[in-house]
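Below are two complexes that have chain A in common, paired first with chain B and then with chain C.
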Partner chain A sequence: MSAFDIAISETIWDGKLPLQVTFHPTESISSARTPDPIYIEVARLSYLSLLTHQLHSIYTGLGIQTQPENVWYDYNGEPLKWHFPIGLLYDLYNFPISQVPTFGEKASLPWRINIHFDEFPIDKILRNPTLDTTQDMFMSMLKEADFLRHGTTKRVMNMSKRDQTQLWQSLVQGKYSEYWSVNKHLLENGQLARHIPLRLYMPYKCPPIQELVPGNTEEHPLLIGDAMTRILPDLFPSDDQEECDAIPVIHGVPLPLDTPLGWASDNLCFADNFLHIVISKKGTDNGLDT
Partner chain B sequence: MLSREEFDKAAESLVIASKEDWTLVGQPKVFLYKKSSIILPNGDEVNEAQEEDEVNEEDEACGKLGLSQKVLTMEHHVVYSATYCVPVLYFMGYHADGVPLSFEEVYDWVVPKCYHSNLRLAHTSVQGSLSQTDHPHLGMPAWFLHPCDTSSLMATVGAEKLQPTGYLISWLSIMGPVLSCSVSTDLLLNSVTLKAY
Partner chain C sequence: MDLINTTETVSLEASQETLPNADDEIEESKPVERQTFEQVVALHKERNTSKVIVRFRAIGNAPILKQSFYKITASNKFQTVIQFLRKELKYQGSDPLFLYINSAFSPSPDATVATLHKCFNTDGHLIINYCTTAAWG
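Coming up: the complex of A and B.
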C-alpha cells in the first residue's frame, strides 16, 4: 500500500505559474486602446476558464464587456486548450520532445499568453469555456479516474450534492484541506488500484495517449518506468533512464523512472486524480540533462 | 464490454456487412468512420423571400433542392474506449461552407425530438450524456455520447451474450439514432449472414 505524503501533495497543490496576459485587439477595441498586460499568478492545477472568471472583474472595470463563452487564449498564435490544467499546458510548451519551428525557444517565465474576446476558434478548441462546462469536464475526468482505480464510478456518482459542490468550489478557490476532505474518500487509500489513471502528452498537436496500466499487486510493485515501457516502448526501451532518450515530466519536474507507480498516482496526481505526464527529450536546452 | 482485439475484429466485420458504408481508419489503433449528409428545408430563407405566401407555396419551395435548403455534412466515428472497454460514438457536423455546427444546431437538426427533453435538461439520455471533447485520435473538437453507462445499458438489453460483431451492431442501433446514425436492415441482415451473432 502506498503512503500518502501530505507534504508532497500540498506542495503540488500550491504550485503556481506567473502569467503575463496580453489583451488581443478586437473589432471594437483597437491596439491603441487595449489595456496594459496583466501579471497574475495562477495555480498549476487550475484551468484557463477559471482564470477568465478571475479576470472578468478587472476587464469589466476597464469597460470591456466579456462573455466567458467567447474568451480564449493563445500562446504564440496557438489556441490553448482551456480544459487542460494550466501547469500541463505550460509544460507542453516548455518541454517539447522535438524542435517545432514555431517554438524555437522554450516557454520562459512569466508565461506570455494572449487573451481574446472574439473570433473564437471553434474548429480548434472546445466551445463554451464557462465555469459550468469546466465543472462538467472535471467531474467527467474524476469519474473516469474512479472507474480506472476501482472498476466502477460508484464513489463519484454517490457523492452528495454538498460534497460535489465543496470539491469544485475548493478547487476554484484553491482551498487544499477542504478539497482533500472530500477527495480522500474518492481515492480510498485502503484498496490497491485496479488501473492507474494516466495520460501521456507528446508534441502539442498529438492527442493524449491513454492505455490501461495495471495498478500494483502486493507481489509486484510497478514503477513509472514500467508504465512508460508498456505504453511507449520505442522511447522507453528499458527502465534504465540512461538508455532512454525521453523523460517523463509532471508539474514541471522530471519524474525518475524508478518512482513507484502507485505512490505517484496517490501523491502526484492533478486535481482530477489523473497523472498527466508530458514526454520530453533529454539533452535539449531545457535543463533535463541527467 | 469488449477487449480492443474484439472491437478491432468486430469493426472489420461491420465494414464488410455495411458494404463500405463504414470504413476503417487509423493506424495502429483503428476506428470506424462514416460520412453522410442531410438536407434540411431552410424555413427562414424561404420566409424572407416570400413574405406573405400561402402555406402550401412554402411547402413546395422547401421540397426543391437549391438555395432554400441546407446541406449538412455529418461524420460519425466509432472509437474504442480503453478505459470503459466499450465503443464510443463521436460526431462532427458541418455547414456547406465547412463551419462546424453549434450545440444548438446539433440539437435542432441532428438529435431527434424524442430525445430532447432529457438531453436539454441534463444533457443526458438513456444512451449517455451528449457533450464535447477532443477526438481521441484526431485531436479536434467532436461531440460524443459519454460511455460511462454503456456497459450496464448493454447488459440490460442482453447484448453481453452476443459475439463481438453482434454486440457492436446492437450498440450502434441503440446509440446511433440519438445522433442521426441509424443501422439499416441490410447491415443487420448482412451481419447475420456473416454469422456475426
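Coming up: the complex of A and C.
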C-alpha cells in the first residue's frame, strides 16, 4: 500500500454528524403522546441500523416498542438506505431535493431525519435492517473491495473468526485502533492494487455508478481526476479541468482532482474499504474551484 | 438473510440461440456535445434494455439447473436474479440460498446486473455461483 497517513484516517474515523431524529406516531403505533425529537451524534462511517440499536433503549424507556427489522428512516420523505454509510447519505441528501444540490451551500445542522416503526417501504429500500444483516452486507462489501484490489478474496476469507468479529465490533463501538489493527492486513499489499474499489453517487435517485478503475498505469500514478474523466467524461473533461461541471465530495470534503487515486483509496476509504464519492454540481460562486 | 422484494416480477428468459458478444450491446454512442449535470444523471437513470449473459454454477449439494446460461435485461437488479433462481429451483422463501459472483462475494441485492456484468464479467459472462450453505462467508 502507498503511504498510510494515520492522522488522516483517524480524522475520518472521528467524523461525526449531529442528528435530530423525529418520530411521528401513526395510528397503528400506540403511544400516549408524540415524543420529543432525539438529538444524537453519530459517526459518519456508521450505519442507520447501528443507530436503531442505539435508539432502542431510549424508545423502550418512552414506552414505544420497536422491532429493528421494521425500523426505517426518511429525509424529506425519501427513505434512507440503511446499508449506505450515514456520512454518504448526508452528503448525498443534505440539500432540498427539489433543487440541484450545489456543493458549498450551507446545510443546516443537525440533520433532521424521521424514524418510522411500520409501513416499511420494501419497494424503496432493502428489507430486514437488523444488526446481523448489516454485518453480513458489510462483510460482503469488504470481500468485493478485496476482490477488486487483489483479484481474490483470500485476505478476508483467511481472517480468523475472532478478527472478523473484532473488525465489525470495533466499527459498532467506534474503536479506531482495534479496527485498524485488523483492517491494515486487508489493505497491505506490497504491490499496487489491481483496481480501486470506487462507487460514485449522484442526486435525483441516480443508481450508484461503479466501473473498473485500474490501480495504476505504467506511465504515471492515476489521479482522482483521471478516474472521474474515465467514468464521467462529460462532467470531467480531460483537457480542461477549469471546465468541470462537478466536484467529487467524500466525508463532506471536496476532493481535489490531483489527489493520487492509490493514496485516496488507502487513506480516504470508508470502513468497507470502498471510496464512496458523491458527485456534486459545482456552483458558480462557491469559491471551491479545484 | 431475506432481502428479496417478492412483489417484483421476474423477467429472465432462457438463452436458446448462440451466445452473442454481450459487450457489443452495452456500448453507448458518443455524444457530440458535452452533456450537462442533469443530462448525465438522466442518462444513468435510463433503463438499460440491453441483455447480458449470466451463467449459473451450482456449488456443493445445490440442485443443478436444466440449463446454465440465461439472458437477462441489464437494468434488472441482482434481487431479480435471486428471485429467478429461487423460482427455477422451486425454493421457498425460507430455504437458504446463497449467491456469489466469481466464487468470491455476494453483491448487494440492489446492485444492477449491468454494473456487475461491466465490472466482473468473465469472457462476457457474469458467473453466478449458488449454494444452500454459505460457501464463501
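Annotations
Going forward, the second predicted complex is superposed on the first by the 257 of 290 C-alpha atoms of A that agree within 3 Å, B and C clash if a C-alpha of one lies under 4 Å from a C-alpha of the other, contacts with A are read in each partner's own complex, and residues count from 1 in each chain.
The definition used in the following text is that a residue touches a chain if its C-beta (ideal position, glycine included) is under 8 Å from a C-beta of that chain, and two chains touch if they have at least 3 such contacts.
Not measured: the values here are computed from a predicted model.
When both complexes are superposed on chain A, chain B and chain C clash.
Using the contact criterion defined above for the overlaid structures, shared-chain residue A:Val71 touches neither chain B nor chain C, since it reaches no partner.
Between chain B and chain C, C touches the greater number of residues of chain A.
Once the two complexes are laid over each other on the shared chain, residue contacts for A:Leu48 go to neither chain B nor chain C. Legend: residue contacts after superposition of the two complexes on their common chain; A:Leu275 is shown touching neither chain B nor chain C. Contact with neither chain B nor chain C is seen for A:Met228 once the two complexes are overlaid on the shared chain. Of the two partner chains, neither chain B nor chain C is touched by A:Leu89. Note on the chain A alignment: of 42-50, 60-68 or 96-104, the part of chain B that runs into chain C is 96-104.
Residues 81, 122-123, 126-128, 136-137, 140, 143-144, 147-148, 153, 205-208, 210-212 of chain A contact both chain B in one complex and chain C in the other. Against chain B, in their complex, chain A makes its touches with residues 81, 122-128, 136-137, 140, 143-144, 147-148, 153, 205-208, 210-212. Chain C contributes residues 1-5, 7, 31, 34-41, 44-45, 102, 104-112, 115, 118-120, 136-137 to its touches with chain A in the complex.
By the touch criterion given at the top, residues 82-84, 99-100, 102-103, 123, 131-141, 146, 148 of chain B touch chain A in their complex.
Looking at the complex, you find that chain A touches chain C at residues 81, 83, 100, 122-123, 126-128, 132-133, 136-137, 139-141, 143-144, 146-148, 152-153, 156-157, 202-212, 232, 234-235, 237, 245-246, 281.
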